[in-house]
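This report refers to the structure that appears directly beneath it.
Letters are used for the chains, namely A, B, C, D, E and F, taken in the order the chains are written, and counting of residues starts over at 1 for each.
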């Protein structure tokens, strides 16, 4: 009756051991460059606590997370106020996971956490391309005088991989300079929707792909719990479909889900929605090994 | 100027006397088996308090609640912590209403309150079938060791009426075992939507129907105020249409609306939405007698 | 089991009939002149709904509200946006109560509602004096160009009864001009506390007294649910003692309790505190008739 | 480094001087006739504070607010509790703006603030017509005994301009009498949607138009932050499109945006949505002058 | 860098192994009989999550929790809606701890969870007495028809141990019948404060003591996060002192802390206060073993 | 009627020009090193917005802020995520103010903002001493690997000025190592209260003093709106008295008020309390020049 082991908490009951797992979840509770309304630091912790409201079975895919091999490494303990150091810690963790031949799946935090996770993946897969779902371009050269920011993260990634390898969907906000810079051929932006996603997937066939999902790509009606809500976004079923098609059609070598800010949505809907997307993505990633 | 009578509060100004009314509203503020986030116990009380924000006239049906004969019996005073006893009290109340030849319309509370209300109706209409709108299957054999739970309620009803008499719409969540059990022919599940509802209605023509609406069938964007929000649900206008078609096409002998949890939606939108659906359902039920 | 009467809701289970009651509670859900954070309009309704969390028995006075004769007339339906009209409606109601030989006990609403209630009492008791507990002087000549305002209410009452008949306790905020005007002898202000209350009570022996309690006299630590919290206030037990001593020592001919704003205190503590004070005041008023 | 000027706050960085501007924004933080849940008084202030989360560039129109000439005059200091006086102050302000040949763009507050703003515009453009987006008819003769109310505002405007000049879209709530009165030919109501808007715009070509947008025309899923949410509304992209088509097709001589109530939406989504609509409307109004 | 063990969460970093520990913390997230505002089920989980805001060192006692031997067994998974079963599970857990010669320290949940914890202790220490800090008597014979309720828990314990062995402090609320029943000699109530506590401690010297702390003994100003706040309570330093004196002066064989309801206090103050008291109590219990 | 100047917002109506002012208020909305619950970045902005609820007159000192010469420079626009840079910007601003012979009064933000403000003051007054009111020692050598943190700020200041020049009051939390390090003679800590403050003031007579107030020195009952609430703090009147005595008895050359986190206190009480303390401190600082 009494639990004589220490109290363990994981996403969605992902209870595999590290060694046997194929996917490693890890949380980066970091939002230091969030200029306006912080709170994404609470995302991973809140998602774990709310996991128990979710079923492990997916009627969308007829698969069950109980059969999946996923390890939850908990949250990194990151330094607040020293961004470079925090990013270095995230990168080191991602490198460990990659080195062990497992898929690193990062739960943010703000979008800047994608940068070190991507770096770790790129070190192993130099020709990696990026599929990016977001409301915002995130292509600024700097933001409030800072080159390392949630608003610059995709620009920093572009510096690592260059033109033509970043594919952005659902975008509906950004400074004029960002849009014009992208239009020079640096990245490919699909405004407002996932139109053209299937063509992109087909074109990237066989290439290693890093998939980064800023959850504010969702319409705020579905996902109010985020720092900079942008009306006019996609519906949950659109995002779910886009994510599953990407996973099925691409060789995913790293991925993340960022910008959930639980304190901004007291109904808990945003957290539940992120968890549901996470479940479906994990199942899609594991599908080749299940059943 | 001064009101010398005691202070009365009703849903939507439903001010008919008991004797003259055809429909009896009664609240069951019970959520004891809600494992995660309680709060549906506040639904009926909050709906009454917020009623005054709603018009009695429906531009959807060109009917006015002022012409309807609906009595609001207030909330039952239920025992917390002793589920069997609380259910017995609800059943006794529903039996009274049924015995008086009136339609019992229950406002939950968690979904388990449907069980005793259904039992009372079934006692009079042994061949009653069930139309069930919900995000969740509610077909578990037991939940946390408990056979009486919001997660088992439809399974318990199935035990009373057997195979082929339960029609579930909008379902998008459940344990694997529940889906597979249903697929053995015990209930009919329509995933995600109301597809096939009209055929079901046609097939049930002339049969007494109990209509139970778990409001979480709605997408959480429309209805965040519920304990276990499930992304990917139906829109309000879909639900409204489905409910009205069911009422118009079937012989409704009992109905309920459950799982509104007002504390989870500080905007009040969920409560207002439940009230609007209630108004439209009452008007549709009363339509034969109006104008 | 089923309640065949309409749904009734009262403060603290005050279930006496109007005729047999000695005290009449009535709510004035009005906050139209509240310039900053409205919400007192919800006070009376929220107090009724939360009443059931309170015991009817007082260990402070060893008396039980079940023995008291108090009628709750519910809330007046007041016109928003037309202050004079709303005040006229409150006054008419108070006059009815006074005319029937009962004690009018008003639940605000903002403090301005005291003015019409006082007028009704003064019509019967021309020599009535005022004991006023508050954080604010409320002595402005006008506020935002308005002579009828929560910030001017005691000044308006002074215009009705003149110098030396208003006794203010707990005051810790006001414009310089208000303090200086009072110091000219118009009212008697006791800063910060209830010092001198017993002397005031003794001096007023035999005189009819209107007692008006702005609950923000309490320290915001005890009572955060009010529109203009002022640090440095009195504790609950201080206020309770002051109110009971006033009731026991004076001939109360009217009283009120104002400025609870439930939406500002999600913990519900402020509402519960107001209810407890209300219970004790009712019991103290009824004590001569209870055994 | 130190700002030696006083602290200035504007909508969306609208930093033009009054003299050079073509559009003048002004806030009317008034909600005194709001009978149920006040809070629109905080709309303009909150919108200013949250402006910094929004980009000035529109990917919808490829225009940037930095190029526009818009002045923000801040909020009027209005008398609470004396409606006629508050309306007079709003009207005087709007008259000043109109007299200076600028477009007055009002940010409410409750819908009643439209009345004085409209009066000021009508004084200069006697043949002005009204395009009205709303969930509610707002056509009552009086509300709680008050002729000046958010629920009567369009009726009052009709009294000024007569039959056939008010075009209402998205309407889905109102008393039976309002709908029937409109159907007598007084106003033209399009239920639930913007169907027929383009025809209306075409018919009004060349006529001066006052555009009034009650933001509760939006579905509450997109816009929960409003006092009387009505399920079944339009989506943000529908409203955006309708507003832009109206501005492009008509000669707008005055406009407003009302009924945002920030305290009701802790996620901030409603405020951000209102700001985004405001940006797009300002850009559409300025488009002829921008390259 | 990467944590290859599963994610562990404990109170205050209590990281001892079960075997080496002298005190065992265990959570009972149960609030099924809470009639009014549920939420105590979230107490233990929230306390764990917020632990990291607290220092392990006490300047009150000059002791550090890092030196203590405390094991946190996490939360029991309890059946909601079947009170007897949930109580049985708690009792079984407490019996295990007692059997292993360790001190069971229970974190509620509602006050009813004390009953099974007490039973387990009483089985080993038949002459155990109870020291009880609370705002409420909890001496009802039944509550809403239920003998097992937070409002009856001390009465149920009295049935187990009889007259003269229950010492209640800080009490300020209860039904008249409870007070009068206690006054017949069944329990000893100290109204409002801890007066007489030292005498009680002295009298109980050498006797095994179960200490049960309902945190609503605190004034709601210090502790708003509880379901039934009662104004007029003790201050934190009073409670801290009373708890430490009890622990130092008595042979504590079991204890608990109940009725924290985190959702009711969005500031987090109540949770932080409960944690601080917990730290101090653990240190006082461990003091004999620390240097 | 219309304001043709841009919209200006200041603390408490502090409307003096920069040149004529003796005190300069400036906000540092920075909380990047706050590891747990961010939100102090909103303090200065929220205080300005809420200023209008406060009177300018003090009944405590019989002085009026309308007579004071205080300039509000608004908030610095600080880089999030690059702590060193943000601190440099604060220091530059403080240096400007000091260079102009004015008193810099900083509104935080987290406590780390004190460091650059202090540096600017120390550059002019090398023998400056520090009076520090706080719940926490803030004496860590580093925190989460970071030497620049809210938890290390007083240690960093000690490195600038050495032993015996820092006087800490109200302290009730800290790591063991911090307490022991202080006890070696580095700083002087008064636990729990302001005992000894008058002696400290007397001893420091004639010395320039920097006064830094972490508002969490207040008991959380008075001030719940702070990130790390610590039960057992001082009351508002204690803090007010301590601050006024310090200002009257010392030569204040710089001061600040930090750690208000408005989002954590939805009642607004904490913000109102900070504003009241600010008003009183400004009046005490200006007193020599008033009347």
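One rule holds in what follows: a contact is a pair of C-beta atoms (placed from the backbone, for glycine too) under 8 Å apart; a residue touches a chain by one contact, two chains touch by 3 or more.
Remember, predicted model here, so these are calculated numbers, not experimental data.
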| item | value |
| --- | --- |
| Which listed pair, B-C, C-E or B-E, duplicates the contacts of A-D in over half of its pairs | C-E |
| Taking each chain's C-alpha mean as its centre, the one farthest from chain D | E |
| Mean-CA-position distance for chain F and chain C (Å) | 38 |
| Where chain B and chain F are represented by their mean Cα positions, the distance between them in whole Å | 55 |
| In chain F, residues with contacts to at least two other chains | 219, 221, 265-266 |
| Contact graph of the chains (line, ring, star, complete, other) | other |
| Inter-chain touch pairs (all) | A-B, A-D, A-E, A-F, B-C, B-D, B-E, C-D, C-E, C-F, D-F, E-F |
| Chain D - residues contacting chain B, complex | 36-37, 171-176, 179, 191, 219-221, 224-225, 227-232, 264-266 |
| Complex interface listing, chain C residues touching chain B | 1-10, 15, 18, 24, 26, 45, 48-49, 72-76, 89, 92-93, 96-97 |
| For the chain B and chain E complex, residues of the former touching the latter | 31-35, 38-39, 41, 77-83, 85, 112, 144-146, 148-149, 263 |
| Complex contacts: residues of chain C adjacent to chain E | 52-57, 59, 64, 219, 221-222, 236-237, 240, 265-269, 272-273, 276-277 |
